[in-house]
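Some structures are shown below for you to check.
In the two complexes that follow, subunit A is the common piece, with subunit B as its partner first and subunit C second.
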Partner chain A sequence: MKSNEMIKQNKQKIGIYGGLVTCLIIFTVLPPLRGQSLWTVSKLSTLMSDVIVLALLSIGAVFIYSLGNIDISVGKQVGIYSTIIVALGNTTDSLLPGILLCIVIALVIAVINGSAGDLLNIHPIISSLVFMMVLGGVSSITYTQLGTRNISLRTVDYSIFKNPLFMFLVLVIEFIVIGYFFNYTKFGKYAKAIGANQQVAKQCGIHIIKYKIISYIFFAITIVTASLFQMGYTGSASDSTGTGFEMNVMVALILGGMPLSGGMKSKVIYALIGSLTYSLLNIGLPLLGVEPNQVFIIKAIIFLIVVLLTSRKKYGVLPR
Partner chain B sequence: MSEKVIFRTEELCKNYGPTIALKNVDIEIRQGEIRGLVGENGSGKSTIMSIASGMQKQSNGRMYFKDKEWNPDSMIEAAKEGIAMILQEANIIPHVSVAENIFAGREKEFSKFGIINVKKMNKAANALLRSYQIDHIDASVNIDRYSFEDGKLIEIVRAMSENPEILVVDETTTALSLEGRKILYRLIREMANCQKSVVLISHDMEEIIEQCDALTVLRDGDIIGHLDQKEIASVSVEKKIRYMMVGREIGDKYYREDYDVSHQEEVALELKNVSSGSIKDFSLKLHKGQIIGIGGLSGSGMHQIGRIAYGLEPLEHGSVQSGAVEIKTCLNAIENGIGYISKNRDTEALILEGSIKDNICLPLLNSMEEATFISPRKEKSMSNREIESFSIKCNSSQQWVNTLSGGNKQKVSFAKWTAKGSDIIIMDSPTRGVDIGVKQAMYQLIEKMKEEGKAILMISEELSELIGMSDELIIMKKFKVSKVFQRSPDLKETDIIEYMI
Partner chain C sequence: MERIMNIFKRVMASIALPLVMFLVMLWATHAAGKTYYGTWPMWRTLIISCTAMITTAFGIGIQFKSGRFDFSGGGIMLMAAIIAGRVAEANNNSMLIFVGLSLLVCISLSLLVATVYVFGRLPIIIATIGMALFFESLTTLIYDGEGINLVANLALKKVGTYPTVLIPLFFSIAIYGFYSRFTVVGKQAVLLTNNQQASVNIGIDEKKNVFITYLYSGILYGIATTIFASAGIQKAAFTSMSTVGSLFSNILPVFIGLMLVAYCGDTIGIVLGSLTLSLMSFGLSAIFSAEMGSSISIIITGLFIFGINVFSAQGKHLLEYLKTGILKRRQVD
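Let's look at the complex of A and B:
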């Protein structure tokens, strides 16, 4: 009886951490039976390079998901930024000009995405949809002009972005920095308040548009960071780079337990847990002998289970 | 009233984690009676009836309805079987028509081959509305076009459309105007005459005494006592009920007792010939240490004055000044020490899905940060201080506001501005849905604020509290000032009402 109560009360936590822990246990215990192991340097490096881009993006996305917003331009942004960094890398022999240009573009997009919803009175997803289409179009035109479907860095050394330890270090730093701003400064607190109840936030003197833009700017910086690693893994970019990332981010955040409606329940750790779980499935399932083309179905089932455990809304009625 | 018991509970219990809301409650409701349930916020009066009407499940104990064990799984099931409840909060389905709201869940009665005959439904809904003398609501219109109050009336009609054996009215009258109340009271009477039962949950002592045949008083999840018709009719009943509710003599001191209307010379807040929407050319001077009350019917424009003074409404003309600063936005207002308590507590004043701490600290974050860092310890000590000074009933500052009772919620929205140290407080319906104990504490707080030299603009639909607290009382009618009264022991509600209607 007691333990039942415990399970009931902590259902959400069990759902969130339980998914990750279960994956870890299964992928630790079962693969050795088939003469495989997750805990080898090479597998862990693969895991790191699988998770890095998604984790970097998801952690930044916490800021805008906490507003109750969803961004679907992120995949195309990663594609364009990777292309810019490679192209400018080849013409200038340095990654820096490309990075700076990407930051400028990302900031402009952040300002527009952050303010359009309230200024034009449209659902915030609309402006990100427009950017998705515009950037997709730009990418398509660019690659047609170039007469190729992908471009690679020729002279610049990008090996650092392939180093799993460096990936790990950047991930930890981003987690700490975003975690700090989200939990211990007014930027995160305001974002959560706006997501929870915009009217209240306004009456508490919060400049809604300003802090929405700031939230998108945090996200923008992480998109550029993630683009570097996306580009750096192979030193190249193509017209399909970043495709579907917006959905991966959404899946990772939901898997991690992030409420789509935003608000006070939003946490940065959810992004980390979600993207780790997601990548563990990518790496772990083939170790169990699951065909790569079946991985999607299994991920879908696991996703459904976690969502049923964590995301269902249930309002208890409490004493008055 | 017959002696037949239609509904009873046996050792009904309800816990929310460690919080006990009901302890072994045994209550009987008889056929044809109007039973009042009174008690402070959090005493469990709504909890009993919300369990009876299927909104939530009890933790322990049994219920019997019409001599059978009663265990409704949902409010819809309970309503079908005969227990309908009208809630304190808005409980309508937005964006659809009034008729669709009234007949929600009963569409089959109006449909053929899966297609709803909208005309037939609207006609039936209109007929139903008219039968309760509600003439101003058109059932075919989208419900969003109607106010909160009309929404309540629509809910009442919906509840009645199922012919309930027991109708539970939970704190509904606070949202209703005089006209709406009349409709509700008439309906309650008619029900009792037809041997149906009504449970009336209310903070309004006068209403309870006037309307009920029997009273049950609760405190801290326990039944303290019952009063029958004879006892209710006695002269000192109000005092007795208060004593039972609070568990101690709360004394007669309720409102201010002084008639000293002096205040400082300095003007804290001034509205200069303001025009916004229906408000035209409105002026007001609020001094430090002064309480100005604004009264009127809820559509008189008095609520807009509060919003204008706080920078929430765009001005077409005139200005709002605090000292030398012009108030144009809420942020201006807050930075100049103005706090605003909205009458829409749950939608505009509080983040319900957030902790007490989050709510109290939100306007303060700006002043709390040190090189961007906001110390969690500071937030905690700040909110704990306010929880203590307001004696907010909760387990910790981490507790979510939507788990608090109405009065405690209101305390949190007061605490926000005292924590911020605001010098000018605009309060719109500050004691709406709040029980006597909390009301008394709030009146004392407001009086203390005045002594400290704070300026208070108090907008309220309750004349007695306006008379009891204000130095100057502005009565509004049709968006204009119809009369200004000065504080006086001779001022009576009856003198004022003629300027309101």
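Let's look at the complex of A and C:
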């Protein structure tokens, strides 16, 4: 009886962690029957390469999603930052000028995205939609002018960004840093409070615009970090770099159990769980002999099952 | 007299956007030595691209104004285009089968989305993202993931050419207008958007409303599919959520339509919004190279959307501020 109640109370947690654990068990037990294994250095390296950009972005995005906002410009930002880092890397023989320029641009975008909604009384998604379009257009013009669809680093050594251990280290550091700011400082606490009820947060004296901008700045820094790894994996950038990342981030966060309406139940761990589950499916399903085009439908069905199990049911009116 | 002036003001406010856009682009294209802009052949091509945008925008708009941000429309249309196109091709390019199946598939899939949303009790974004992923993954499985290419199929492409394209245009306007103005469900949807809990408390059956609204959006997506299917090569979606981007490029007229709602209603507003954006896109493509023109068009459209949203949110305050300023200056004089 008690265990039933416990399961009922922790249904959501069981669903979220259970998804990841089930994936791990399935992909550990079944592939050896086909002479394959997930636990080899090469497969774990592939997993790390697959998860790193998504996880870095998703962890940063927790700040935005906890506000109840969605940023759909992230894919185009990754694309343009990767392009800048490669282009300036070739010009200056160093990655630093490109990184610094990207940080400046990312901060400007963060300030605008964070403040536009409340200052101009528009829906927060509008400013990120505008950035998505503007950056997409700028990227397209850049590559049209260059006369190519792809640029590569020529002289700068970027091998460190392909090192799985370095990827793991950066991921752990980002998780700890963002986790600390999100859970133990007023930045994260206020972000969650704003997401839970902006009016109440305002009445409690929280400076809404200031803390929204700070949340977007945290995300901006993680976007630049993720762009470095995106660029570093192949040492190149193209006009399609970053395409669809905004949706991947959203899917990973939903899969991890993040409430899209934001609020106090937002957690950084959800981003990590969601990204890991998503990448595990990408790497693990082919090991079971699933054809590449069948991977999509299995992922879609798993996504639906997980969200049906874990989503908090709102009785009365239908959830929006 | 006052009534006539009022109607005149509303008409002028409604057509101001497309008219200004046309005049600016006409001047810019002629200054660049491109005389194609403003000619009858341009209008014919523009009507086709505009109709594709309008029909899709109506499908998205019907959910958007009901307070639902629906991501599944692109996946639904892609599935319908592939199934209807393939089956029609296999049946001597039967137009009847093509149009019928486009409608049937879109309506069925839309109702499936409504079922998952209503009975799964998931937030609408999560439910529609899940269904979009599901439909996209199905496109990679059916017909070996080859998609559909109707670009050279003159028989099935006919519905997407002038003057036949006016038929789906007319039907989509009629259906959206009918839903918004003459149905109880349409009016209840507005109530649900404004105060969901109060609307349910006064007896509105929300579940029934969702199903009927999705039926209408399915019909509109079906009409849009008849044009969308032959507009280009429709490949299976091998990248997750790739259909969302193309779907939401058609949401822009909805924003303009909702902004113009006070002057001409959202039905005409969406038509005028699509016309404005198509006029801009055609003009820029004429001035610059096709690729460059489309890139610049994307940037300007983005800034345009920003401006429109800011104006619709702040326009009243801005006008009040200007009026107060003028009055103060007069008092000083």
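We adopt the following convention: the second predicted complex is superposed on the first by the 310 of 320 C-alpha atoms of A that agree within 3 Å, B and C clash if a C-alpha of one lies under 4 Å from a C-alpha of the other, contacts with A are read in each partner's own complex, and residues count from 1 in each chain.
Here is the rule we go by: contacts are C-beta pairs under 8 Å (C-beta built on N, C-alpha and C of every residue); 3 or more make two chains touch, one makes a residue touch a chain.
Please read these numbers as outputs of a predicted model, since none were measured by experiment.
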| item | value |
| --- | --- |
| Subunit A as common anchor, with subunit B and subunit C clashing or fitting | clash |
| Contacts of A:Ile297 with subunit B and subunit C, given as first, second, both or neither | second |
| Which superposed partner A:Thr185 touches (first subunit B, second subunit C, both, neither) | first |
| Which superposed partner A:Met264 touches (first subunit B, second subunit C, both, neither) | first |
| Which superposed partner A:Met133 touches (first subunit B, second subunit C, both, neither) | second |
| Partner chain(s) touched by A:Ser275 [first = subunit B, second = subunit C, both, neither] | neither |
| Which of subunit B and subunit C A:Gln77 touches, first, second, both or neither | neither |
| Partner chain(s) touched by A:Ser115 [first = subunit B, second = subunit C, both, neither] | neither |
| Contact breadth on subunit A, by residue count: subunit C or subunit B | C |
| Colliding stretch - subunit B into subunit C, listed as 63-71, 81-89 or 99-107 | 99-107 |
| Overlapping contact positions on subunit A, where the subunit C interface meets the subunit B interface | 315-320 |
| For the subunit A and subunit C complex, residues of the former touching the latter | 120-123, 126-127, 129-134, 136-138, 140-141, 144, 243-244, 247-248, 250-251, 254, 260-261, 293-294, 296-297, 299-301, 303-304, 307-308, 311, 313-320 |
| Interface residues, subunit A side, partner subunit B - complex | 9, 181, 184-187, 189-190, 192-193, 196-197, 199-207, 263-265, 315-320 |
| Residues of subunit B touching subunit A in the complex | 14, 16-17, 19, 21, 41-42, 44, 46-47, 50, 55-56, 88, 310, 312, 330-331, 333-335, 340, 342, 347-355, 358, 362-363, 365-366, 369, 372-376, 402-406, 416 |
| Contacting residues of subunit C [partner subunit A, same complex] | 67-68, 116-118, 120-127, 129-131, 133-134, 136-138, 140-141, 145, 196-197, 200, 206-207, 210, 236, 238-242, 244-245, 248, 289, 291-292, 294-299, 301-303, 305-306, 309-310, 313-314 |
